[in-house]
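Structures are listed in the sections that come next.
Each of the two complexes below includes subunit A, the first together with subunit B, the second together with subunit C.
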Partner chain A sequence: MSTAQDIWQSSTSSFLGFRAVYVREVQTYIRTPMAYVFLAVFLLSLGVLTWEAGGFFETNRADLAPFFVWHPWLYTVFLPALAMRLWADEQTNGTDELLLSLPVGLGGLVLGKLLAAWTITGFALILTIPMWLTVNFLGSPAAVELSWMNPGSLFKWLGANVFGGADNVAIFVTYLMSFLMAGAYLSIGLALSAIARNQVTAFIMSVFVAFILTAAGWPVVLSGVTDSFGVDAADSVARLSFLSHFEAAQRGVLEWRSVIYFTGFIGLSCMLCGLWVARLRE
Partner chain B sequence: MSKTIEPNPTEVTKSDAMLELNSLKKSFGQTVAVDNISLSIGKGEVLGFLGPNAAGKSTTIRMIAGVLSPDSGDAVINGHSIVTDRQTAQRQLGYLPEGAPLYNEMTPPGFLRFLASARGLDTAKREAAVERVIADARIGSVSNKRIGELSKGFRRRVGLAGAILTDPPVLLLDEPTDGLDPNQKRAVRALIARMAPEKAILITTHTLEEVPAMCSRVVVIDGGRIVADDTPETLAENAGGLEAAFSELTLAAEKPTA
Partner chain C sequence: MIEKFFTPLTSLFLIAIFFLFNGLIQPRMASWRVDFSQGDQYTLSKGTKQTLGELAEPVDLTFVYSRTLGQDFPVIRAYAQRVRELLQTYENVGGRQLHLVEIDPSPFSTAEDEALAAGISALPTGSGDPIYFGLIGRNAVDDELVIPFLDPEREATLEYDLTRLIARLDNPKPATIGIITDLQNFQGTGTETDYFVLREIAASYTVEPIAPDFLTIPDNVDILLVAHAADLTNRQTYLIDQFILEKGRALILVDPASKAAAAAGGVFSTSNGLTRSDLGALGEAWGINLLTEAVADATHALPIGVEENGSVIEMGQPLFIGLPRALMSSDDLVTAPLSLTLNLGAPGALQAFPPDGVTFSTLVRTDDAPSFIDPERASVDMPPQDVLRAYEAEDGYLVIGGRLSGILPTAFADGPPLADLPDDPVEAELLDLANAELTNHLTQSVQPAEIIILADADMLDDGFYIDPRSGNPAGDNATFILNALDNLAGGDALTNLRSRSPNQRPMNRIDRMRDIAQRQFFAEQVELEDRLASAQARLEQLQANGIEQGFFSGDLEADLSPEERTELAALRQSVIETRSSLRDIERNFRRDIDGLVGSLRFINIWGGPLMLALLGFLVWFRQKRRLG
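This part shows the complex of A and B:
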């Protein structure tokens, strides 16, 4: 067999292995109450915080700022809960031995697991789209009457009320960055799940690390750092914080440095996770 | 009786070996778990890998399966090194780990489909393979149940089905009959005998009376070293029974030195 054929066969096989791990993890979330409890509690919490604490109606603005502002804080608690089982469960049940005996590279195992948890998070974000529709409706209550006799009126109504009332490009950008940031939170949980070998320990460690990385960009913390160590130190701390990197996105601004930061963070966490899983072979 | 390493009775030459262990070594801290083990298993051989607890059996099997990395040495599976070409080597073998760890939330067919996909089978081959091993391992009656609800015997058979799923040339079976009732044990032995002519099979077991029924060759290890390598019949003849041979070979290591 030629080298090219070898490489092709090996790549195809690796992809099939990665896909198998991904599908199995998604199915595990779906077949157990975990995904449903996560979705229900996450959406309920987000709704309550947006409507009540965020004062959604009081702002009188057709934007989702009171909604997105809670994302980092909710991710700090909910996404470690979603990721804590990814490796800890394997080690508790002894199935890590089964996984490591499969002809799947560590990259395939790590990415398959991360993407499965990320898919569930993405689905949770998709379920918040009615919020997006709401700001469009509230922001542009155009006088187009719906009529069952005239199907075209539905399209006119959608155009006026759904796609025309808010800065939808800005909202879309914020959704994208929120999804990317979710990947960073999940990657913390994934890596610490491999290191902790126990779900509860993994959860506590992940919440702690996620909280540090979130709170580091909190104005209260930054002003404290400024007072104690100066502006430069505060800038450095802010540059490490998820909150700071999500701030521009909340205004609808796509900052490439934040995209690179979150992507790089995910990559580093996955590498740490892969290295730790490789240690199981030692 | 002094410990001696008998010559390999089946005279497997390196060229026709489907599984070849070359000076395999593994330590955990100061403890040497596997100490320079070398052996070859050829096509058609069923090798009983025996030893007392903590002798190094599972560590050796884990290294062959690619779960553990050897400190030195190599395992060559159907021509592929587990050290330098791990994934290709892993595709050449089926592995039933000790205790048969399984995903409890899955059904047996779902679990087998997962293994088949992870081992690179496409959809058409996957379904055919799953149907075949469900019949071979006689687990059709529990296909709709979750693995977590199954008895130990059925779990073992699901694990065995997973090991033979891709019809690999080399099989590593760690206690394949553990937890099975006599009928199930007989069925597993028959399955192994049926597969044996085309494969190299390495089996560990604590049930010595099963060895002559399943294995054409026996390797006894103790303290991480091979202390005997012979046919079950010869070992039994020399010591007045296989159990006596096993005791003589392995108890010597436990005696305190003067």
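This part shows the complex of A and C:
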């Protein structure tokens, strides 16, 4: 019987079978109704929060601030739900041993699973594109008459109504960062589902960790930390929070430290996940 | 043994490495950022960075914002977010010298007491609890400067306002303004009888009046304010020239037709009564020329009372110009924050051909069809009718004010002018003493000069912009002067800041729809309102008749003729109908917008879930078919 140490050492470098794992996991998401339900509720909540709680229309500003501000909070709840089955499912079904006995590297397994869930999240983000079109439409700088006689007017119309009304480069950057951040949230779920006995435990643990990492950047929490432990402590806490790292990105400012933080976090979670999965094989 | 602890130990090790690495690397990477927002909204200007980089003592900023209450006011909330983000950027750049805290003054909290004590405005809301939205700045020696209300309307100048506040906290000593003028109400130190604007200047700065017959400019003067100095000697011009080359900060008001000087120039007056002041030799050196003629602008004539056929009627006086915001620079921080008109009295026009290395940017201009008017006539009481008769519209606008920046040459290339020795021995002695100080002749600017020039001095007069009833400014004349001094006093860092276009992109489409609806229904609405008013008036009349005549019989309509009764019934019916049509209009007015917002809301909230449901159904159907 091989030890955890052996599996860890032999498998981390191996990304064999990554493709197969990825395709299998994506198919599982597509074929199970759960993913649809989670994503539908996620999109519905995002829409309601943006338009009702965020008062998107009442701000009279053609920007997506009232939309992006909810992303970390919704990810806290919905992405653990998406990721909880990744390993816990295998354990419940008893397929984990089978999986690890296949000629598939541990790295390929972990990354394949993460990327599958990430792809599904990216798909959900793509489904929010109407919101992006909406700000461009509402902010369109000039009224352009669309005439079928004049094909050139179509380009003008598109320019004014589809591309012209918002700060689209900034919005694109925010979308990218939101996607990267989603990967970090998913990686929490992925890693914790490897040590949880079932999906529910995996979900609860993931939401708990995700919430702590999100709320650490909440101004309410930070001002509390400042009052009790001083500014430096608050700064340190803020540096660990997903919320703080998404802050600048929300305005279209790309901070390299946030990119490093999120990718580093994903890397850490994947390594922990590999480590914890390997332990199961002892 | 080692194997047993391998997993937990490695896990802890990895987590520790990650957090250690982040803790080390993150503070060093604060400035590694790329601003993808249009117009680099979140990148501070060079001037701000310079100010923050040169902070000698720590500055504490307290951002006061009623976060919970503010949630109900989307405009305030969105702007508060913008302010918070900008302040955070300041904090990133300012490092340890700039400390930012945010307080939420909920009702009856100590934070509320702090906000009120500092002078933050309490904005009343419908709920009864006020909203606080301002900024308190403090420096190491407990000087306090406050922005009582962060007005969303001032977004364009937000960075300037913040940087200026920080710069003032860093260097709290107010600048000294030396004033050279012929205008009697502008010669004091800001007492009761002085112009309002001088009192305002004295409130923020040290005012150093310089007598019209001055022989030297005091050393402590930081900024020179020359307002209609019509009778400068060669030597005095030289002193001004040298001051500007050395310190580089001046606000100069010239006037081709000073009404104040014309009014003061009586036989018993101490005023010299000269109605024209210009830049003289300085203008020649700088390439700025004040045209001889006065300027009138019929498009923005201010209304004055004119006697016609024995009665006083209100009429536009084209010589008194109320320049709107649109005719002032929106980039320059002197004019960008203005919201009211700049009221001028028979101004002049400037022509600029600045030498190399000097730029002239227009701050204030007329509309497109101004006219030149004879300054002799313009400076005295010229009735609007006469002005209109003499009015010959020019093609294009005329420049009234601008900013001159750069390295200026001296107007006295040949060295100090020789002064005529006065006959009086005491004066001759004084002049000798003063001459002794003129040892260091400068041929060009020591540092880049910033000079703001306006071709009107009458605008200082209270009569042009202070509402006589309330005593409040009805024009932005004083604000213009104060902004100009503020800007000049700020040092290089501040004078180089420009206002930036606000990043808030309004929902233009909604605004357009609102405009169209307004235009479409306006005429109809006015007509209906008129009809309603006249019907109601007639109704009241008929009812009054009825009450008068039928009061005792108990029937209010008893004494109305049958025709009148029919009319009364018809009128009542008409009032009801008109009211209902008016309501329809109000509804129509919002109908298109509400409809659009409704569909957008539906698409955005339900569109995603519905598409997913459809997709899920397709997948399910395919699977079923394949299995079946």
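Simple rule for what comes next: the second predicted complex is superposed on the first by the 259 of 282 C-alpha atoms of A that agree within 3 Å, B and C clash if a C-alpha of one lies under 4 Å from a C-alpha of the other, contacts with A are read in each partner's own complex, and residues count from 1 in each chain.
Going forward, contacts are C-beta pairs under 8 Å (C-beta built on N, C-alpha and C of every residue); 3 or more make two chains touch, one makes a residue touch a chain.
Model, not experiment: these values are computed from the prediction.
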Touched partner set for A:Gly105, first subunit B, second subunit C, both or neither: first
Just checking: does A:Trp73 make contact with subunit B only, subunit C only, both, or neither of them? Give me first, second, both or neither. neither
Larger residue footprint on subunit A, choosing between subunit B and subunit C, goes to C
Kindly classify A:Phe179 by the partners it touches after superposition: subunit B alone (first), subunit C alone (second), both, or neither? neither
Looking at the overlay, what does A:Phe208 touch: subunit B (first), subunit C (second), both, or neither? neither
When the two structures are overlaid on chain A, which partner does A:Gly17 contact: first (subunit B), second (subunit C), both, or neither? first
Looking at the overlay, what does A:Thr95 touch: subunit B (first), subunit C (second), both, or neither? first
Could you tell me if A:Leu240 is touching subunit B, subunit C, both of them or neither one (first, second, both, neither)? second
Check the residue A:Arg31 against both partner chains and state whether it touches subunit B (first), subunit C (second), both, or neither. both
Considering only the touch criterion stated at the top, classify A:Trp276 as touching first (subunit B), second (subunit C), both, or neither. second
Intersected contact list for subunit A, partners subunit B and subunit C 31
Can you name the residues of subunit A that touch subunit C in the complex? 3-5, 8, 30-31, 33, 36, 39-41, 43-44, 46-48, 50-51, 55, 57-63, 65, 124, 127-128, 130-131, 134, 137-143, 165-167, 169-170, 172-173, 219, 223, 226, 231, 235-236, 239-240, 247-248, 251-257, 260-261, 264-265, 268, 271-272, 275-276, 278-279
So in the complex, the part of subunit B that touches subunit A is made up of which residues? 62, 65-69, 86-88, 90-91, 95, 97, 99, 101-106, 110, 114-115, 117-122
So in the complex, which bits of subunit C are touching subunit A? 3, 6-7, 10-11, 14-15, 18-19, 21-23, 25-27, 29-30, 32-38, 41-42, 67, 74-75, 77-78, 81, 85, 88, 99, 101-102, 503-510, 512, 597, 600-601, 603-609, 611-613, 615-616, 619, 623
Considering only the defined contacts, which subunit A positions touch subunit B in the complex? 10, 12-14, 16-17, 19-21, 23-24, 27-28, 31-32, 93-95, 97-98, 100-105, 280-282
